[in-house]
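Read the structure below first, then the notes.
Each chain gets a letter, A, B and C, in the order it is written, and its residues are counted from 1.
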Amino acid sequence: MRRVLPPVIVGVLALVAWELTVSLGRIAPFILPAPSAIGHELVAQRDNILSAAAASGLNALIGLLWGAAAGILAAMAASRFRLLADVSLPVAAVLNALPIIALAPILNNMFESTSNLPRRLVAGIIVFFPVFVNTLRGLREVDPTHRELMTSYAAKGWTFTRLVRLPGALPFVFTGLRQASSLAVIAAVVAEYFGGLQNGLGSRITSAAAFTAYPRAWAFVVGACLLGLIFYLTTLLLERLAMPWKARLLS
Amino acid sequence: MTAVSVSGVTQVFNRGRPDEVTALSDVDLTVAAGEFVSLIGPSGCGKSTLLRLIADLLAPTTGTVEVSGKPARQARLEQAYGIAFQQAGLFEWRTVQRNVELPLELRGQSKAERRERAAEMLELVGLADFAGHYPAQLSGGMQQRVAIARALAVHPPLLLMDEPFGALDEMTRERLQTELLAICAQTGTSTVFVTHSIPEAVFLSDRVVVMSPRPGRITGTVGIDLPARDEAVRQSPDFFSHVTLVRKTLRGTP
Amino acid sequence: MRRVLSVLAAVVVFVALWEGYKAVGDPDGTVLFGTRVLPRADDLSMPHVWDMLRRLGRPELTGGRPVWQVVLGACLFTLGITVAGFAAGAVVGLLLAVAMQRFRLVERGLLPYVILSQTVPLVALAPLIAGWSGNLSFGPYPWQDWMTVAVIAAYLSFFPVAVGMLRGLQSPQASGVELMRSYAAGWWRTLIKLRLPAALPYLFPALRLAGAAAVVGAVVGEISTGTRGGIGRLVIEYSREATSDPAKVYTAMLGAALLGLVVAALVSLLELPLMRHRRRVPVVTM
């Protein structure tokens, strides 16, 4: 209760202050629509929001799945060969400093701009890096006591990987996945700003903004936020299910 | 039948480099079947290195190590010993029971067999009620007991322990010492025990091997002849005279 | 040194893959179950690497400035916005972290929202903030397009700083805090003498993340607000010419990559004087 109460109070106060500032201060809706107006649009547009969220969500999900799978497999490969890991970590760090999202228009050209594929690719590429870096770190960090113990059991190779490395890396994998789950949604929505198919939340937001229907645009933003939250919370849930030994410590 | 036989072993680390260290120099050690031997000495005397040589976690630069009459490597491959470290080294993602089952699993034993043996071992260390817990839910002393149960799970003829109680508080430590002796007596296991606590070595051992550093070598052996191993003996003059004897040997002034 | 070699090796491998695929790939891409799973390998979709480099030297439009000058100019423009946004975001993040460390209630009330704000695509707001320009003004200073972009960059960069700094400020052990108490040092002096130095190893990795985030924010911001003059806008403009001038958009991509590298290098420069003898800690932001 003591953990939940302060954020709830802050949230309610912020909403009330927002509503009052907009209605009493007579702030034009193009600067900041009132929460009540946004809520109204949210209800009125719920079908549109839902279908747009489904389109963007599917892109994000597919991007997340392939990006995470590629990241984990690449990390497993890199952890087998020291040189590969030593080379790929700085490269990943450099690539991560680049605005990868700007690849979207190029991928639109390379594939076709009338499909969702370029977006799923961009989302996957963006997801790849946090998953790869975190997983590799996890795979490389083995408790020295565990290492000696497994040597005393004459266990090596795949047995060692299966019993020690993979479960030991799991917390790191999920750290990467948690970041990746939010990034996937952000990438899927933002990639729509770069042109291509007009069926997701991102294109709905821009078109609403272009028609100066700001409360409606905000309603779609709220939809995007809910989508991001769903992805994040699902990952958290999976994390708890996958690591029952951490459940007590996480809560 | 000897449990451990180390002869003429020298261990040099970083050979041929500027930071070359002679960790052990010409060490001979024999442990009889059923015997409890402690290795004691200051930091850097090579006692942990000697234990790792017996466990074949390291290969000696020169000399031979045999466990139960077999080369150390073969003994390791056959899981002819159990080992416990200062860190319990439990797998946090496995329950207590599955931690104890680990060495059995690697031997390819069936699930039913494993379960039965793990239950037996947990009973032995008094943790039968905690089989379904995860290590993070246990205290340090309980974790160390799980590590001992894991080491004993394959019924090894030899138990190797590297300061297993080093990170525990004194009360827990003494209780676990008594338990360990009871377990060893019950299973007839030979034990090599590394410690830097003199009272611990005296209380547990049939024989205390004293080592000194630079280069690591054995400088003396103290036979322990106590009438019994219970709480009362810790207060007895006999006990203290043995403690004094080991301390003097450690200082090199017998 | 090793780092530079690794990256160079990666570039070589990438160019080899690119040209290799162009040599063997189907010019119309590979279509499986109705979707194109491998890209088109023709010169229109995947121009030769040397064509991209050559394009840099030729004029943007007939008789205009060479492309490399245009791209570089756009990079500088976006760099300015990025730096402004990054600075604003970092300052806000630092202040927020100190406030959260000082007042437990602030941490309890705000931290969930700070974390929440990163799990949701609030960048989607960018087109809406764009509506501010021309309509909003502070006295004689009207709201300008670049400010919108800087706000987005700042928003994306404040979070890693706030969370990393908070963890850093909370990193000193109880013994250190108790030692300061025994010296009768107040909160302020404990902050200056103990918490801030202890937070540095956490702060710098956070700043690196924030730098990268600010670049993304600036590029995305330019695109979604239609701000002219920056590299993000250039990517979009050139990509529209892809059918007639396919190599051009890649020059803009090179510019965007350069911008990311320059910002990363600038942030690294920040930490050089302070981190010479410090341990490094891995930073996890969420």
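Just so it is clear, contacts are C-beta pairs under 8 Å (C-beta built on N, C-alpha and C of every residue); 3 or more make two chains touch, one makes a residue touch a chain.
On a predicted model such as this, the values are computed, not experimentally measured, just so you know.
Enquirer: Given which chains touch which, is the overall layout a line, a ring, a star, complete, or other?
Expert: line
Enquirer: Comparing chain centres built from Cα atoms against the global Cα centre, which chain wins on proximity?
Expert: A
Enquirer: In whole angstrom, what separates the CA-based centres of subunit A and subunit B?
Expert: Their C-alpha centroids are separated by 49 Å.
Enquirer: With centres defined as the mean C-alpha position, give me the subunit B-subunit C separation in Å.
Expert: About 54 Å, centre to centre.
Enquirer: Measuring centre to centre with CA averages, how many angstrom lie between subunit A and subunit C?
Expert: Subunit A and subunit C have C-alpha centres separated by 16 Å.
Enquirer: Going by the contact rule set out above, which residues of subunit A touch subunit B in the complex?
Expert: On the subunit A side, the touching residues are 143, 145-146, 148-149, 151-155, 159, 163-164, 167-168, 170, 243-246, 248-249.
Enquirer: Provide the residue numbers of subunit A that touch subunit C in the complex, in ascending order.
Expert: Per the stated touch rule, the residues are 2-3, 6-7, 9-11, 28, 30-31, 86-88, 90-91, 94, 96-103, 105-112, 115, 117, 134, 137, 175, 178-179, 181-182, 185-186, 189-190, 193-195, 201-202, 205-206, 209-210, 212, 214, 217-218, 220-221, 224-229, 231-232.
Enquirer: Which residues of subunit C touch subunit A once you look at their complex with the stated criterion?
Expert: Where subunit C meets subunit A, its residues are 2-3, 6-7, 9-10, 29, 35-37, 39-40, 44-46, 105, 108-110, 112-113, 116, 118-128, 130-132, 135-136, 208, 211-212, 215-216, 219-220, 223-224, 232, 235-236, 239, 242, 246, 249-250, 253, 256-257, 259-261, 263-264, 282, 284-286.
Enquirer: Could you please specify the touching residues of subunit B with respect to subunit A in the complex?
Expert: Touch list, subunit B to subunit A: 52, 55-57, 76-77, 79, 81, 83, 85, 87-89, 91-94, 102-103, 106, 134-137.
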